[in-house]
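Each of the next two complexes has chain A plus one other chain: chain B in the first, chain C in the second.
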Partner chain A sequence: MLQVENVHLSFKKKGSFWRAGNKPILKGVTFHMRQGECLGLIGASGSGKSTLGRVITGTLRPQRGLARLFGEDIHHMDKAGLFGRGRARPGLGGVVSIVFQDYNTSVNPRFAVRDILAEPLRGTKLAGDASYLKALLAQVRLPADYLGRKSFELSGGELQRVCIARALAAKPALVLLDEAVSSLDVSVQFQVLELLKNLKEESGLSYLFISHDLAAVTHLCDRILFFNDGRVVEQVDSLADLVHVKDCYSRQLIAAVLA
Partner chain B sequence: MSALLTVRGLDVALKTKKGARTLVSGVDFTLEPGGAMGILGESGSGKSLTCRAVMGLLGEGFTVSGRAEFQDRELLSLPPKAMRALCGREIAMIMQHPLTSFDPLCVIGDQMAETFRFHLETSREAAWEIARDALAAMRIADPGHILTLYPHQLSGGMLQRVMIGLTLTLRPALVIADEPTTALDSVTQFEIMKELVRIRESGRTSLIFISHDLGAMRMLVDTALVMHQGRQVEYGPAQAVFNRPQSDHARYLIETRNALTSRFLAYAGRRAGLDRERGCCRAAG
Partner chain C sequence: MLRNLLEDRVALLCLAVIGVTVLAGLFAPYVAPHDPLAGNILYKFKTMSWNYPLGTDQQGRCVLSRLIYGIQPTILLSLVTMAATITLGAAYGLVSGSAGGLVDEGLMRFCDVMLSFPSQVMILAVVGMLGVGMENVIIANILIKWAFYARMIRGSVLGYRNRNYVVFSRTTGSGSWFILSRHMLPAVLPEIVVLASLDTGWVILNISTLSFLGLGVQAPAPEWGAMLNEARQVIVAHPGQMLAPGLAVLTLVAAFNMLGDSLRDALEIKGSGR
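Our next item is the complex of A and B:
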């Protein structure tokens, strides 16, 4: 479903003549992902995980290499179809949706839950269909009367559930979870991960789970990519292989969590 | 030996248009010199609010009542000037978000020197020298260069170390660490935890460690206080609280933590032994 091939990306560094230049962020990233799979991408802060996520959602264009979704170059896909309104892939709905880390800043504070959920459906009949929006809330185990509530009336865990429901609204094939549980406390984290697990089983979704928390990644995913300094440094195809990891950074990460 | 900090019947209320709303009620604990206490609870349970109330860091909208005795001084009735002299020198706090705890417009060196000049009454040059030594003590490479950088030029882990270095140089009797590792990745988190263990083992400084992460807390504390919806639901020796929790909420927190890590431990549990045998991994150290 998703193929990322030799993706290179650098950002321009500001500064004086001697300091200015290019700062490489992604240095030849290659991996593949099957439909219905949950792939974990784990790495330190600043290693380029979220930048890779932005390449996959088509918001950043790599200087070299390409990212393909269903065989099509993401950067040349119709953005409306990619994110929501189902024009690019009729019948399937949107292709990619995202759940961000900071739930507070990823919703408009003036919006009620009804408007938040309707955002990716704008321009379609479903946007005004209260029963569809209620069904979305039921999917994330929230009561129907939450439709009229504002974001500040919800707890962190509830608001992140609304963000997950928004991500599911356009029936995507791939959901990108960018540190989606990192800012929640452990018990809420567990509830949200269980919810994601159940949703995957119910709807056959694919997840690309970007995180720095190895325990959360192993809870949800069966295949893990260890990411460091803009590269995939280790690929674990089965969790049983975690004990055979060779790369030093990946071993440090495992040892740190175990300690 | 008399206790370093004794808190009795601490209540925190917020004045609202509809009247006072109680946010924290009936918190009691005692911290011995050289001891380490953990405050465990979910977001919004009142962990940080309790510590901020003790340090007098809450705004005018809050009402704090009860008793908080630190080295025979009643903190809750201390005048602001005396409290300011005490904070940093005797009681220090390590914040959760290092990036928002520093002034983005000043270089690290100036910010550290400002604190040292206030508490140690030294010259600017001497304060910069102390700051350089503080960073070197935190095993930060090239401390002279780091002092000339702005906060946004440092990583989260590095900034957190700067904050710990700043805190420890003044040799406070009590350090309150408010979720110091929550925003960091696992490897950096482990490095910071090692620094906190070092503080604890020095025996000079007592520690209050606030977290919702039971794993981090197990590594550090000898007493644990569990909070839920502004109330203290359990308090006692850490091993007893973690292994035989009496309250439903403490049991729930411990069970969810175990459930979250069970899959990882089942697959990677043998890893720790392997790394020790091979002696390759720094973090396992």
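Our next item is the complex of A and C:
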């Protein structure tokens, strides 16, 4: 479903003209994902995981290489069309949605939950369909009367559930979970992970779960990629293989979790 | 923000001063005791009385009536100037901040050029080229101030451009207009309001200054700066003539400035929470 091929991306360094240069963030990332799969992308903070996520959502364009969804270059997709603008129902397939780590900045503080959920459905009849929006809330185990609430009236866990419901609103082919449970407390983290697991089983969703938390990744994912310094350094196809990793950084990460 | 503002006594006092002034200006024909242009040389320099609460000027015209009629050009012209300046600056700043890259660089360098001119010299140059008159004073004020707003608003937009909800909106294919109108503009609007209220005082002062210099509202039309200019001619013999228009400018400018401070405080309290 998703093919990331030799993606290179650099950011311009800040500084004076003569000191300016490029700082490489992604250095030839290559991997693929199957439909219905949950792939974990684990690595230290600053290793380039979220930047890779932005490339996959199409909001950052790589200097070299490309990301393909169902064989089509993500950066040349008609996103508005894929999200169903001007159609009766949201587009199915070819859509990437995202859930962020920081739920506070993930939603417009001026929007009510109704507007938050309707945003990706804009231009479709479903945007104004209260029963569809209520069904989305039910999917993430939130009561229907939350539609009229503002984000500051919700707890962190509830707000993250709203963000998950928003990500599912347009029936995406792939949901990118960018440290989606890292800023929640442990009990809420477990609830949200269970919710994501159930949603995957119910709807056959595909997740790309970006995290630095190995425990959360092993709880949810079928396969794990270890990411370090802008590269995929190790691939683990089943959780049983975790003990056989060869890469030094990956072994350190596993040892740290076990310790 | 509104609740925080209404709990602030200074803000309420400023709002009351501005509100009463605006109402007096709007209903000037009903509130003013005399015709502001009708003078009687026999009544010149009259002291305060029931008939002339603030006395009369050197042509025997009622100072209070002139002060009340002077509200309209002073405040109306200031608000027109501010509205035009903010619209131009906000649109420029929003486009520049949202576009980023070379477009942003180009637009900002043009802003830098505009900001590099000394403001008073620029105003005098523009009025000198276009001619004396209120329309040209407004154009001059807009020309020197819009770049400042563009810079400030562009800075705010940069802060919001990479917020997760904006990134999500881009991820789902939302267009630039939707992101600007639904996410960016409402986010920077409180900051624009604060800046506007802080600068309205500056514009009032500037318009009064230009009228004082004889470049804005022309005599015998009542305007506070023009009234000060007329009072200047008799400052040695009758220094009290400067008092009424001078205090009026001072009070209104202080009210707008303090309201701006209160608005900024109210905004900061909201910003610190979720």
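By definition in this document, the second predicted complex is superposed on the first by the 243 of 259 C-alpha atoms of A that agree within 3 Å, B and C clash if a C-alpha of one lies under 4 Å from a C-alpha of the other, contacts with A are read in each partner's own complex, and residues count from 1 in each chain.
Methods note: a residue touches a chain if its C-beta (ideal position, glycine included) is under 8 Å from a C-beta of that chain, and two chains touch if they have at least 3 such contacts.
Worth saying up front: this structure is predicted, and the values here are computed from it rather than measured.
Participant: Putting chain B and chain C onto chain A via the overlay, clash or fit?
Facilitator: fit
Participant: Look at A:F152 in the shared chain and tell me whether it touches chain B only, chain C only, both, or neither; answer first, second, both or neither.
Facilitator: second
Participant: Kindly classify A:H75 by the partners it touches after superposition: chain B alone (first), chain C alone (second), both, or neither?
Facilitator: A:H75 contacts neither chain B nor chain C.
Participant: Looking at the overlay, does A:R251 come into contact with chain B only (first), chain C only (second), both, or neither?
Facilitator: In the superposition, A:R251 touches chain B alone.
Participant: Which partner does A:V96 reach: the first (chain B), the second (chain C), both, or neither?
Facilitator: A:V96: touches chain C, not chain B.
Participant: After the superposition on chain A, what is the angle at the C-alpha centre of chain A formed with the C-alpha centres of chain B and chain C, rounded to the nearest 10 degrees?
Facilitator: One gets 80 degrees for this angle.
Participant: On the A-aligned overlay, A:E119 touches which partner chain: chain B = first, chain C = second, or both, or neither?
Facilitator: In the superposition, A:E119 touches chain C alone.
Participant: Report for A:A215: first if it touches chain B alone, second if chain C alone, otherwise both or neither.
Facilitator: After superposing on A, A:A215 lies in contact with chain B but is clear of chain C.
Participant: Upon superposition of the two complexes, what minimum C-alpha distance (Å) separates chain B from chain C?
Facilitator: 11
Participant: Let me check the overlay on chain A: which residues of chain A are in contact with chain B and also with chain C?
Facilitator: none
Participant: Please output the residues of chain A touching chain C within their complex, sorted ascending.
Facilitator: Where chain A meets chain C, its residues are 54, 57-59, 78-83, 85, 96-98, 100, 102, 104-110, 119-120, 122, 151-152, 166, 170.
Participant: Applying the document's contact rule, which stretches of chain C touch chain A when the two form their complex?
Facilitator: So the residues of chain C touching chain A come out as 163-165, 167-175, 178, 182-183, 186-187, 273-274.
Participant: So in the complex, which bits of chain A are touching chain B?
Facilitator: 43-46, 155-156, 184-190, 193, 212-216, 218-219, 239-240, 242-243, 245, 248-249, 251-259
Participant: If we count contacts the way the header does, which residues on chain B are in touch with chain A in the complex?
Facilitator: That would be residues 42-44, 155-157, 184-190, 212-214, 219, 252-253, 256-257, 259-261, 263-265, 267-272, 274-275, 280-284 of chain B.
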